[in-house]
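Multiple structures follow.
Look at the two complexes coming up: chain A is in both, with chain B in one and chain C in the other.
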Partner chain A sequence: MGTFLKRHHWITPLALLAPGGLWLLVFYVYPAFQMFLASLWSGSLETGYTLSLDNWVNYPNSLAKYAPFFLRSIVYAAAATTTTFLIAYPLAYTIAFKGGRYKNLLLFLVVAPFFTSFLLRTFSWQVILGDDGPVLGLLKTIHLLPETFRVLATPMAVIAGITYNFLPFMTLPVYVALEKVDFRLVEAARDLYAGPWRPGGAIVGGIVGGVLLGVLGIVFNGSAILFALAGAAVGALIFHFLVSESFIRVTFPLSVSGVFAGGLLTFIPAIGDYINAELLGNPGTNMIGNVIQNKFLTQNDYPIASTLSFILMAGVLVVVTIYARVLGTEELSAAAARA
Partner chain B sequence: MTTTDKLAGTPISRRQLLQGSALLGVAAFLAACGTKGTASAAPSTAASTAASPAPSVAAASGATAGASASASAAASATAQPTATPSTTLKWANWTYYMDISADGKTHPTLDAFTTKYGTKIDYEEVIDDNENFFGKIQPALQANQDTGWDIITMTDWMAARLIRLGWVQSFNLANMPNFVANLKDNYKNVGWDPDGTHHAPWQSGMTGIGFDQNVTGAVTSLAALFTADPRWVGKVDMLTEMRDTIGLAMLHLGLDPTNPTRDACDKAVAALNQAKSDGIIRGFKGNAYAKDLRESAAVLTMAWSGDMIQVLTDTAKNKKLDIKFNVADEGGMLWTDNSMIPNGAQHKGTAEMLIDWYYIPENAALVEDYVNYICPCKGADVALKKIDPAVASNPLIFPPDATMAKLKIFGPLNEADEKYFNEQFATVLGVG
Partner chain C sequence: MTAIPAGVPAARPTRQVIARFFDRWSLVVYTLLAVIYLLLPIAVIIAFSFNDPAGKSNTVWQGFTIKYWLDPFGPPGLADAVVLSLIIAFLSTAIATALGTLIALALERYRFRGKGLMNSLIFIPMATPEIIMGASLLTMFVSIGAPPFFPLNFLTILIAHVMFNISYVVVTVRARLAGFPRQLEEAAGDLYANEWETFWRVTFPLILPGIVAAALLAFSLSIDDFVITNFTSGNTQTFPMYIYAASRIGIPVQVNVIGTSIFLVAVGAVALTTLAGRRKPR
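Our next item is the complex of A and B:
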């Protein structure tokens, strides 16, 4: 046996790949292929479907008709991914460097909500964000908010829901990346006169914060300028006081691989999500997932539903490719190494 | 145990239970796309008689053919069906739709049938979604094979589709003297089953308006749902069920939902979109509107009577809320889940007898005492008064004649129109 394996050394990796490969073949490749065929169908459930290459027009037609939903999905998923990053990074940083003996407990707490189902967690947000719920109810009682103010059934609620639901997918990879950072490198940077990042930090922080909140302002029809100014102020303050040169030049570049992975793990499921939009949104906040669900289950329009699913897959591939180019870990760490 | 207790533990009703479940959706899709369709648009009656080869059924009705004429002539509340009962029978139904013994293990009315006729009934609560179940039985029906079920229970519009496709069998009314005698008149002469021999109503519900009277005052008109009144603007829920929401919008506009035309659909959709852009509507919900109503997230909503019984019970002692349910002056919708016998069923005669069994008022009363939807059987309220007067006098379970007269059943749609209505409604829901 041993000599057999030695002679045919290609068998071992193949055998190890087989279970996963078969699994994917049966439960991913085959259904995906079926769905691709379905996207080229015409007909209906009752009359039966006919396959024809002429039905390729399903693609441009669907893309044109449902473009606003694709766009909204991209915007929401991107906003949620960004927010997840802003929350998860400091969290992961704290656990990795300041967690001490509570590290495992803190990590457990990050994952703990995932012992409950996705649906249930999203339902509970209905309670938290409710018009007279614990948060808004209190703020309304002390007259900080007008009676008619609400968060539920707004885009904000949908993005908040996605952000919450995918937080661990960002936190864990970032934590793993930060955990691996050799703290002696940071000490070395400090020895080489890396101090507080001033005044550069305030400027960068101001720009980042301004752009982020400015975009949010535009998306939600708020005043873009006001949002941008507020964002700039907060960003500048945070960077001025909290971000050091050693972080920007050593720690952060070394953690980019984790951010990259976390971004993918958050963005890809987020863009196809429909539960958050359904439970926390309004009829104006539906994402492409809601359209596909309606097409599949209510209208039984399998061809168009399959077409939309495939366009979504292609779209995600494009976005991810661009993302990988921009934030590709190797290029970036190489650039950091040069700097 | 009463229905109230039973339902209290299930805030999401059977109708909504799995609508949010992606997994089942995928399963339905895979099931549905596993087979290629073969066109079968034959007229319903012709196809169903042609496609009912079941030998046991033929034997059963043949053996008793002589007796059937006399039995149906003598149809009365105590009339006897004429088929020879089979030893087994399979029935697919929705959850919480059959009376249950105190220990929760058996269904007394089904057991009584077994005791009387010796038929062992395999009663399964396997239907949680019309489309989903359709996807399961469609391949067999399309191939003219036995689905495995002798009785299936489907909502009006799905029943209409199955009849349109010629996939359900016509009843032999000689086996169903109580059904003939005791079906309430509202349920007769529906457009999608003109001679009324392909479906037997099992349970119904009303779609009307629910509101918090403390906030909205008394609401008796559907116009309120389309009016930007400061008391409820932004706090109005409507339903994700196309036939309920479009139906009520049609009634509001003075259009006739029993004869739904594309023109009427366009007008209803325009009115709904207007209400949406006026900021009146908070959202389109399944059963979640009931939750909104309890939490004051909605103060005015389209509502189903079955849910509202529960809401009214739960909020009875809450002084802050004064929840009411009305069928508006313009009318309300009546939906029904119907028992039907699919093509290829092995025990047609016995299935007819069992369907008829529940048109004996005493049996219907026992089911009603547990189920709390609207009973299609005449005399069930009288029978129920003896065992549970509170339920028998509940106007949401046994609506007075004046209310029943206002209820409309959404008319039949052919396939092309159904697609059109669904697509238009998708724009209202914000997914099209």
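Our next item is the complex of A and C:
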């Protein structure tokens, strides 16, 4: 037995891989192929399907009307990825470098939302952001906000929901990358007279703060310029005092791989998400996921639904393949294992 | 910090004071705010399990009561949904953990042709939006169109959950195997243990913490999965599916009670494994 296995050294790994590998081939790869076939169907669930190229040949007519949903998914997912980055980076930085004996506790708190139901968490935001809920109700009572102001059922609520739900996906990879940064490099930079980041900090902070609050200002329907100016001032102040030259030249570049990993782990689920749009948005905020879900499960329109899913999958695969080629998959796996 | 050199003015410039203040407190305050933000929805879920709503919708605070904690399975169908979710989570965790651990061993221990392809096969499902996995499984089950795959049922949910869990198990166990002291296995071999004995008496106990971590992750992913289950469950109702269906008429308070209980059990499990890991450092 032992010598037999040694002579045929490929048998053992094959036997180890076969059960799980087959499961993935049969229930991941083959269904994807089947979905491509279904995109070639025409007919309906009742009458049965025949193969045809209708969906693809008539692409401009039959699918063009879904382009806005794809576009909206991309915009929302990109916006949410940006906000998760802005929230997660300082958090991951604090845990990695200032966490001390609270490090594990803080990491646990970051993933704590995963221990409650995704749906219940999102419903919680309905309660928190409700028109007369604890936040808006209070602000309206003291007349800081107009009576008609609302967050729920707006694009802002959808993006905020996605941001919250996928925040750990950004925080963990950034943390893993920052934890590996050799602090002696930072000290070396300081010895070499790396000081406060002047004037870069104020400029970058001003731009980031200005753009962020400017966008918020547009959403508020208030004076965007006023908001942008306030944001620029606050951003400039924060960056000026907080961001040092050693951070910009040493720490941040060393953590960029984690930022990219977190970006991918946030963007990919965000672009396919439909729960946040359904529970926190309105019909005008429907993303491509809402359309696919509705076509598959309510209208039973498999051909169109499969075509849309296939386009989404192809787009995601292109992004993921480029990512894996350029940056490798180590960082992502490390982050997943960390969770 | 100790001695102030002569000639340095006692009062530092305001600018430096502000910088110091920012340096010391800004990240602390920020982290506190971030933690509050992360925990706020959980606090709402827990608080509203003690709410006493007037009508069907449990979205406005009315008053404190523990009556729903005393009757956690009151609403019809809720108990069945929770039990089904638990069964699927246990079974899918067991199957995915076994299959995933074997793959992790093969990928970490052996060289073979097609390893890159296998790595991709593990990696790509983790980087696929859930809706696509659900949708493609649905099209496959529908095109088969016959039992046991159609109509959709318990089995189709289980198949889906094992599928999306395998990759997470593989990367978690691999992380543990990567730091494995191979000399121990060689020592066992020198002491005339055959491969089978070496695996069970040396390798397995050492990678067990990794396997347990993988199983916990798989369990929590399975019990909370909504999107893929939504596509592969048909009329079968898991706990998340129950919540979704109930949301149209108003989620019963008991859902918050069970959500809170699951949260507490999960926190307890993590605390236990952390403590166990601390007592027996590798």
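Keep this in mind: the second predicted complex is superposed on the first by the 261 of 339 C-alpha atoms of A that agree within 3 Å, B and C clash if a C-alpha of one lies under 4 Å from a C-alpha of the other, contacts with A are read in each partner's own complex, and residues count from 1 in each chain.
As a convention for this text, a residue touches a chain if its C-beta (ideal position, glycine included) is under 8 Å from a C-beta of that chain, and two chains touch if they have at least 3 such contacts.
Not measured: the values here are computed from a predicted model.
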*Considering only the touch criterion stated at the top, classify A:223 as touching first (chain B), second (chain C), both, or neither.*
neither
_Which of chain B and chain C A:91 touches, first, second, both or neither_ = second
_On the A-aligned overlay, A:109 touches which partner chain: chain B = first, chain C = second, or both, or neither?_
second
*Is A:309 in contact with chain B, with chain C, with both, or with neither (first, second, both, neither)?*
second
*Applying the touch criterion given at the start, work out whether A:298 contacts chain B, chain C, both or neither, answering first, second, both or neither.*
first
*asked:* After the superposition on A, what does A:27 contact: first (chain B), second (chain C), both or neither?
replied: second
*A:61 contacts which: chain B (first), chain C (second), both, neither?*
neither
*For chain A, which side has the bigger count of touched residues, chain B or chain C?*
C
_chain B versus chain C as contact partner of A:141, first or second or both or neither_ = neither
*Check whether A:12 is in contact with chain B, with chain C, with both or with neither, and answer first, second, both or neither.*
second
*Is there a shared patch on chain A that both chain B and chain C touch, and which residues make it up?*
31, 34, 38, 45, 119, 126, 130, 275, 279, 293, 296-297, 302, 305
*What residues of chain A sit close enough to touch chain C in their complex?*
2, 9-10, 12-14, 16-17, 19-21, 23-25, 27-32, 34-35, 37-38, 45, 87, 90-91, 93-95, 98, 104, 106, 108-110, 112-121, 123-128, 130, 164, 167, 196, 238, 241-242, 264, 268-269, 271-275, 279, 289, 292-293, 296-297, 302, 305-306, 309, 312-313, 316-317, 320, 324, 329, 332-334, 336-337, 339
*asked:* Could you list, by residue number, the parts of chain C that touch chain A in their complex?
replied: 18-19, 22-23, 26-28, 30-31, 34-35, 37-42, 44-45, 48, 59, 98-100, 102-103, 105-107, 109-110, 112, 118-133, 135-140, 142-143, 159-160, 162-163, 166-168, 170-172, 174-175, 194-195, 217, 220, 224, 226-227, 230-231, 239-240, 243-244, 247, 251, 255-256, 259, 262-263, 266-267, 270, 274
_Looking at the complex, which residues from chain A come into contact with chain B?_
31, 34, 38, 43-49, 69, 119, 126, 130-132, 148, 150, 152-153, 275, 278-279, 282-286, 290-291, 293-294, 296-302, 305
*In their complex, what parts of chain B are in touch with chain A?*
19-20, 22, 25, 28-30, 32-33, 36-39, 41, 131, 138, 142, 161, 165, 234, 242, 276, 281-284, 291, 295-297, 415, 419, 422-423, 426, 428-432
